[in-house]
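Dropping a structure here in structure tokens format, bear with me for questions.
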Amino acid sequence: MLRNEVFACFAFYSTLLILKMYTLAVVTGQVRLRKKAFANPEDAVRHGGIQYYRDDPYVERCLRAHRNDMENIYPFLFLGTIYSMIGPSRAVARGHFLVFFLARVMHTVAYLFALRAPMRSLSYIIGQLPCISMAIQIIIAVAAYA
Amino acid sequence: MLRNEVFACFAFYSTLLILKMYTLAVVTGQVRLRKKAFANPEDAVRHGGIQYYRDDPYVERCLRAHRNDMENIYPFLFLGTIYSMIGPSRAVARGHFLVFFLARVMHTVAYLFALRAPMRSLSYIIGQLPCISMAIQIIIAVAAYA
Amino acid sequence: MLRNEVFACFAFYSTLLILKMYTLAVVTGQVRLRKKAFANPEDAVRHGGIQYYRDDPYVERCLRAHRNDMENIYPFLFLGTIYSMIGPSRAVARGHFLVFFLARVMHTVAYLFALRAPMRSLSYIIGQLPCISMAIQIIIAVAAYA
């Protein structure tokens, strides 16, 4: 399958996005340590005392950014795989992957730096466009087998 | 792989379910706008003022429905892919996919309209049956390679 | 693809991890029933009254464990699939999958039994090592197609 150049291109941007998500998890952990706000009593006890078992608005922001990634990047991993199999032109496919990749990086930046609305929503919408496009093309390609 | 008819059938229902999840995200956004309940201060400020940076029970219901989809539809995307490779009969495989698809649509309807219990739990359980069945068949097919 | 022994081995451990996640969902449901703490009014009404529409610290612990699985096991399902295609040695690949599998089982145990910190964080970090390794190897293998 990796001899399929479209799929190889997709695998590249997808893996980068997963690394981006891993980075967000590390950022969340660092914010918890810096703000002293832990989700579990056992973590709070290890880092100074049970009083640090508490919420923090910026930790919650990180968690929302991560959750939004799970809502959008995971479906992309599936759609991009199937889309790579239906024989799209390499340039068009790369355009789909690149737009999604850049939009999701922008989404994370907009979230973490609390950029003025609607920067974040705009990144989300732009990222959805290639996903909807791929979904429709897949539906058309396989509808006969439903 | 799309020449595998079972996989093409699976791709069809899976893509529909992803579109269902995208729709749920749009519904959540619309509910936030209508109820004026935003998860981020920057969104609240754009839509009338910081006082709308607040929770709402129906927004939280949408978020729970979406999260339950992530807990159940994403594993289906993986299991269905592998299951399609172990050579099931086309009719039986289609039955698995269709039951899961209908159960998950029902689950979302039961969640959003707060249908009387146990409608939602029942949809969840019915949706799990084909998933457990696929998981067991996969384990049996590949156990020799563990 | 299942004739690829590395992929078959990967499918085995991945499916077990999905079954582990399903088990966690069942545990969460049982804790809700035992603690009488329901996320939805309609569930509370069915199980004794609207006063049981409430949060519970142990239910929230289960939800955090499940969410952490979604943050980490789902990316593994993708990375392991692509990694299986780039022709790793069978023994090395099996090592990657086995370390991840054991680390994630340990993570769930550490979470549910609230083991002393940093048991849970350590399980998380050990589980990330094979994922980062696979991600880097994929990036190197497909970078020419970006």
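For clarity, chains are labelled A, B and C in written order, and residue numbers in each chain start from 1.
Here, a contact is a pair of C-beta atoms (placed from the backbone, for glycine too) under 8 Å apart; a residue touches a chain by one contact, two chains touch by 3 or more.
This is a predicted model, so every value here is computed, not measured.
Asks: Specify the angle of rotation obtained when superposing chain B on chain C by their C-alpha atoms, rounded to a multiple of 5 degrees.
Replies: Rotating chain B by 120 degrees superposes it on chain C.
Asks: Under the over-half criterion for shared residue numbers, do copies chain A and chain B use the same patch or different patches to meet?
Replies: different
Asks: Using mean CA coordinates as chain centres, what's the chain A-chain B distance in Å?
Replies: It comes to 17 Å between the two C-alpha centres.
Asks: Multi-chain contacts in chain C: which residues touch at least two other chains?
Replies: Chain C, residues with two or more chain partners: 1, 70, 74.
Asks: Show which residues of chain C lie in contact with chain A when the two form their complex.
Replies: Going by the criterion above, the answer is residues 1, 61, 64, 70-71, 74-75, 78-79, 82, 85-86, 114-118, 120-121, 128, 131-132, 135, 138-139, 141-146.
Asks: Considering only the defined contacts, which chain B positions touch chain A in the complex?
Replies: Checking each residue of chain B against chain A gives 1-2, 5, 8-9, 11-16, 18-19, 21-22, 25, 39-43, 45-47, 66, 70, 74, 77.
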